[in-house]
Amino acid sequence: MVLTLKDFLNVLETVASARWAEPWDNPGLQIGSPNQEIHKIFSSLDPTLKALMSASKAGAQLLFTHHPLIFKPLSRLQTDVFPGNIIAEAARRGIAVVAAHTNLDAAPGGINDILAGLLDLTDMEVLKPVDTADGAGLGRIGDLPGPTSLSAVAEAVRKVMGTADIRVVGAPDLLIRRIAVVGGSGGSLVGLAYERSADLLLTGDIGHHVALEAEALGIALIDAGHFCSEKTAFNLFAGNLETLLRSKGWETVVEIDEGEGDPLRICDGG
Amino acid sequence: MVLTLKDFLNVLETVASARWAEPWDNPGLQIGSPNQEIHKIFSSLDPTLKALMSASKAGAQLLFTHHPLIFKPLSRLQTDVFPGNIIAEAARRGIAVVAAHTNLDAAPGGINDILAGLLDLTDMEVLKPVDTADGAGLGRIGDLPGPTSLSAVAEAVRKVMGTADIRVVGAPDLLIRRIAVVGGSGGSLVGLAYERSADLLLTGDIGHHVALEAEALGIALIDAGHFCSEKTAFNLFAGNLETLLRSKGWETVVEIDEGEGDPLRICDGG
Amino acid sequence: MVLTLKDFLNVLETVASARWAEPWDNPGLQIGSPNQEIHKIFSSLDPTLKALMSASKAGAQLLFTHHPLIFKPLSRLQTDVFPGNIIAEAARRGIAVVAAHTNLDAAPGGINDILAGLLDLTDMEVLKPVDTADGAGLGRIGDLPGPTSLSAVAEAVRKVMGTADIRVVGAPDLLIRRIAVVGGSGGSLVGLAYERSADLLLTGDIGHHVALEAEALGIALIDAGHFCSEKTAFNLFAGNLETLLRSKGWETVVEIDEGEGDPLRICDGG
Amino acid sequence: MVLTLKDFLNVLETVASARWAEPWDNPGLQIGSPNQEIHKIFSSLDPTLKALMSASKAGAQLLFTHHPLIFKPLSRLQTDVFPGNIIAEAARRGIAVVAAHTNLDAAPGGINDILAGLLDLTDMEVLKPVDTADGAGLGRIGDLPGPTSLSAVAEAVRKVMGTADIRVVGAPDLLIRRIAVVGGSGGSLVGLAYERSADLLLTGDIGHHVALEAEALGIALIDAGHFCSEKTAFNLFAGNLETLLRSKGWETVVEIDEGEGDPLRICDGG
Amino acid sequence: MVLTLKDFLNVLETVASARWAEPWDNPGLQIGSPNQEIHKIFSSLDPTLKALMSASKAGAQLLFTHHPLIFKPLSRLQTDVFPGNIIAEAARRGIAVVAAHTNLDAAPGGINDILAGLLDLTDMEVLKPVDTADGAGLGRIGDLPGPTSLSAVAEAVRKVMGTADIRVVGAPDLLIRRIAVVGGSGGSLVGLAYERSADLLLTGDIGHHVALEAEALGIALIDAGHFCSEKTAFNLFAGNLETLLRSKGWETVVEIDEGEGDPLRICDGG
Amino acid sequence: MVLTLKDFLNVLETVASARWAEPWDNPGLQIGSPNQEIHKIFSSLDPTLKALMSASKAGAQLLFTHHPLIFKPLSRLQTDVFPGNIIAEAARRGIAVVAAHTNLDAAPGGINDILAGLLDLTDMEVLKPVDTADGAGLGRIGDLPGPTSLSAVAEAVRKVMGTADIRVVGAPDLLIRRIAVVGGSGGSLVGLAYERSADLLLTGDIGHHVALEAEALGIALIDAGHFCSEKTAFNLFAGNLETLLRSKGWETVVEIDEGEGDPLRICDGG
């Protein structure tokens, strides 16, 4: 039995339902035809031209990404610049593109659940539940096995996520018991994390005003980077996806994009 | 010297400027890369799949149409249904698509000026000027050479536009002196045509409530069909375009789509 | 027992409830006093001055129409032009005006149910149900007794609706099994009719873009005209209304306006 | 030469232009036909049923009022309640209704200029000019001939406007030099009057929060009642109107409604 | 046990819940810290500077008012003008400010229930229930013990509310059986009061257009003034509050502001 | 002559006019009275409680900051949390707070001009001019003295701004000729910087999607941190302010807050 794009979208809906996505988001089908056959899936965090070319080289029929290719609805397709260049190239090569973004962040077993698991959190709950009341929602919150200093937590995050560039708000020896985790850009949830008694919010893309807000509230922050806070978890999810597809009788292969990196790197200074 | 898509868009702007388009419209580039070379242009009223295939067969690099391919901004490109199928096919074949719609209707020398000329109207004015005050606007209004019965005007329209299906509001022997002309769907301008002393509004896509409104106002209507009221004029415009390009030193060929027809045809009745 | 206008509005609510109307619509009382007595009702599709005069001549106290007299709320009543002239004349003659429009289209037993019945459709369902979940909604969809060519269906429509001007999209020998029916202007429902597996949408006021959309989807269209697609059904409804009123003990007479015609007529050409 | 309703509206536009009206207002024609002849005008502050009947008894063809008959656009005309009853009665009796409201308040020579003149103000300016920059605007501001106690100003207002019910904010012996005047409901302009150095704002319909605001700012208020603050001035304007019409050659008579009174009267208390 | 501001807000929520407030209103905490201790409460209708100073002189830690101190959200705090001056003074003196406004008007046992009780109304109902369906809502409606003339009702209102300035719409000998009561500014509810069969609406801040509307509908009005229609009832509520606090074990004292008066007073005329 | 707060606001308007601020911003007076005297100004980037206390300790009457204290208009002032705690403390201590934010960023001689000067840029222009056409606008763009590698530019930025945590997008040996500079959060201007031919955008608060966009466009980024990209320039501006005040005859002292630091610090890792 060969997987079609429609089959894939149906399976994805069961684990990362579109109804869990944020209102401004555009996950799901980006380009493709429901009836095309998918023998191989190539999985990248970002739908870059490099990722599409790697998918093509790998012989994939589907590029599966975390971030959508189309964010702002398109009134024209200029094929020499982003995202028109990628869309046109995908059309030419017959490669479909599908994204699972905030719906996957929010999903039970999704990005944030995986992240929380990597940190060994217990008594885990959803940080900001969505209305649909099926265990989905923004971020997770849970307890560490025991009180740990902020600098030790930062060190653990560095190892788990393989990131060189960790930034923090809070005293190094502050004791952390309860952590809120939001992969990607979660700074706007700092107030909620505080209200729900987190000692620390772990996320990416933290700006100055969020850092000030955290300092005023007395809650610690770890900025592990948007890319690093998501890449490890997304890879794990994509790996599980192959297992899931096989359990349903499809022999589809999922290949992880090992070549992509954080476009923003720390400067050595030297 | 070879015409690029960017050159073509620049020339088009001089004769059908984007600033004359209605706010809801989306004329101009639909798909394509500014730097691609255009040796041949294929011109159809509607950007159908059939039109794209004819353009491809004709060896054209650009499909030039009256109606835009993308009306509603796209959040995804489903490549087996309209308009995704046409966009994907255009990407695969490297054919650009450009539309000149309400900007061309409004342009001096555009669709409505051509239509008014075909009816030999004199003392012609713009029916509803646009703010930019450069002779552009919605529809045209002008005088017939002499008083003519509504049925005779209808017969003349039938010949000029080659349409079998003419519908009218008003008594056949009503004398017509002054005509408002709006190619396409112009029924909403019936009140304005009346205020500006037209005896007749010639347009397409007339619905029941507009017919009632005309009857209440005592102004005649001729519905020549949306397709037929535009196709003849658009063909003439496309022909002129080749002349214009050549006058600027480009040897681009413009081929008219002779194969397209009105999708809505009168039923013989038997 | 003499029917009052208030009684009539109450009865009408039971068969064409205001809660079934489209949000933009304005059915119900147009002008009149709830306490006035109604001995005779005159029923016309459109609230024209001619219809009001006919109602007056017929000795009616109520003009009952399909289309509302007031569409756009009035900030002033200019009594020499539509609709001020009709409102003032109705005030002078003491004739009330009441409309049943999209609420009657949507009603069980309303315009579209009557239309579908005239075409002998079976397994009939509502095309687009309204939220109130009581069997009301936009349009109807159902099966023909057997596969019939598009040209034969068009011929049947012509006979049932008494219309000379039928227009179609689709090949004459296309076999039709399942039909969606929307009296009046139903072109915007062509996509829904396709999704619900109709082979044909029968409606009025079809414009060029709807015809193109139907062609792209591969669904046939019959445009029977807005007037003709509603007049026959509305007459039948008005006739039933008299029976309904009598069954409740009111001796009110309902007289059908036999003199009104489609303002938009096909032009003979020859 | 007989005045038509259209002539009257044209003359009115020259002294109380529609472009001076507030955005929420609906002055001008309320009901009537531009071509009807006007031999006699009956002038009332409010378009009540009593005023219409008085106009009819007086043999007038036009009821001219300060307040509009139609404030909220009408979706239906229920002829047994306000304002449908008055509109229907006007239609039956062939009496037109025209209002000059905030456009007349704002006009040079309008309600507020007349009011300021009655108080012998000098160095008069517009309190809040409108954009059109032709001397029109909300309210007037000017100086008393000399410093006068608040109680003496109140007494003068009582005499000029013939009102029994005067209410004030401010100490009786406060000296007033500069007065802002706004006929009708002008409480929202108390802050502006203060900024423009008025010692007192004279208006009607003052509520508690405006009184508190005045007290906090240290500006005095006189509430002369909405009716009384406008009736005297409107009568003077209507009288002038007859003179104006005659100067242009029309022999139209203007009769003032002497019978109308303030619906809100002070309770004797006993 | 010492009452904290947080305790007070919690108690207030039980008798005047924030969910009963109008959407435009801003009741509750105006300024203060939840943890501060409240030994004495000073209660004024309006949060004026005079009221704050009286509260300070009385040794209160909380000024409790009917009208909010902050109506329009503040982008800056200019400390020499209202309301910045009062807010800054409250901050300096450590006095919190809390308001119970439309939530208290609507509350069971709130302002309007107290007012209706003062008039001995029976069979009392909420005039306009709020959605929360717990007996709260705008205004009250009920029956007098027996038919009473409008002038007698006005006289009774004068005594109960201690107001000198009563104004009425309606004939003095009109018999009143059923009264709608809305403390403060309730003129916009005159139509609803009429529909619910009230013979009289008692409220404050009545303007000319509401008076005309009442006259057209044939319902009587009594304008007892915004201040007077609320002050008596608010004092009674504040007194009850002390009892309520004591019943829960707090020894907090509530002192009524006896010094505040209506800023708008009737002018003697004489 | 002693400077008043009003004088200070007037002087500030001449160098950082409110009309240059972004629509969402709230610069200018945050709390204070125009007439209060200012002998000493304390200048901090952020209006934190620590900054207010330092200002108090320094004996200042005015805390002058870059970021506003009130961002979201306040409906209540909870005095134990930000920003209510700072506002109440300022009221108690009589310290005014004034901010110059996006108006100062945009000002000629403002934050971005100072930044560009620190980098020795030549041929400097405004990156995104504001409408007022007086040399103000968002960001600056200019040329380096000669082509310089990205890593060398990063090193220079590190020294000038004294920041330990520099992050970049782009190859270290990329040659940079033209730089766009936006203090604070300027990532949304990356597209504009590219269109205006910048090789590099220097700003703070760069998130993942902006980094991807830069990579797709082929423009380099340096994220010098929001705090560090503004603090040096703001200090220089505040120093100039003292000179400016003295030149106008005021002996006001301006003290720079040397104690504040970036709340977000790089984590040592090791």
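Chains: A, B, C, D, E and F, in written order; residue numbering restarts at 1 for each.
Throughout what follows, contacts are C-beta pairs under 8 Å (C-beta built on N, C-alpha and C of every residue); 3 or more make two chains touch, one makes a residue touch a chain.
No experiment lies behind these values; they were computed from the predicted model shown.
Visitor: Moving only between chains that touch, what is the shortest number of steps from subunit C to subunit F?
Guide: 3
Visitor: Taking CA centroids for every chain, report which one is farthest away from subunit C.
Guide: Chain centre farthest from subunit C's centre: F.
Visitor: On a C-alpha centroid basis, what's the spacing between subunit A and subunit E, in Å?
Guide: Chain centroid spacing, subunit A to subunit E, equals 53 Å.
Visitor: Approximately how many whole Å separate the CA-defined centres of subunit A and subunit F?
Guide: Taking the mean C-alpha position of each chain, the two centres sit 33 Å apart.
Visitor: How many angstrom lie between the centres of subunit A and subunit B, each centre taken as the mean Cα position?
Guide: 48
Visitor: Please set out, as single numbers or ranges, the residues of subunit D touching at least two other chains.
Guide: Residues of subunit D never touch two or more of the other chains.
Visitor: How are the chains arranged in terms of who touches whom: line, ring, star, complete or other?
Guide: Shape of the chain contacts: a ring, since each chain touches exactly two and the loop closes.
Visitor: Can you list the ring's chains in order, from subunit A toward subunit F?
Guide: Start: subunit A; next: subunit F; complete ring order: A, F, E, D, C, B.
Visitor: If we count contacts the way the header does, which residues on subunit B are in touch with subunit A in the complex?
Guide: Against subunit A, subunit B makes touches at 26, 28-35, 70, 73-80, 84, 87-88, 91-92.
Visitor: Report the residues of subunit E in contact with subunit D in the complex, numbered from low to high.
Guide: 46, 48-49, 67, 82, 151, 154-155, 158, 164-169, 184-185, 204-209, 211-217, 221-223, 225-227, 262-269
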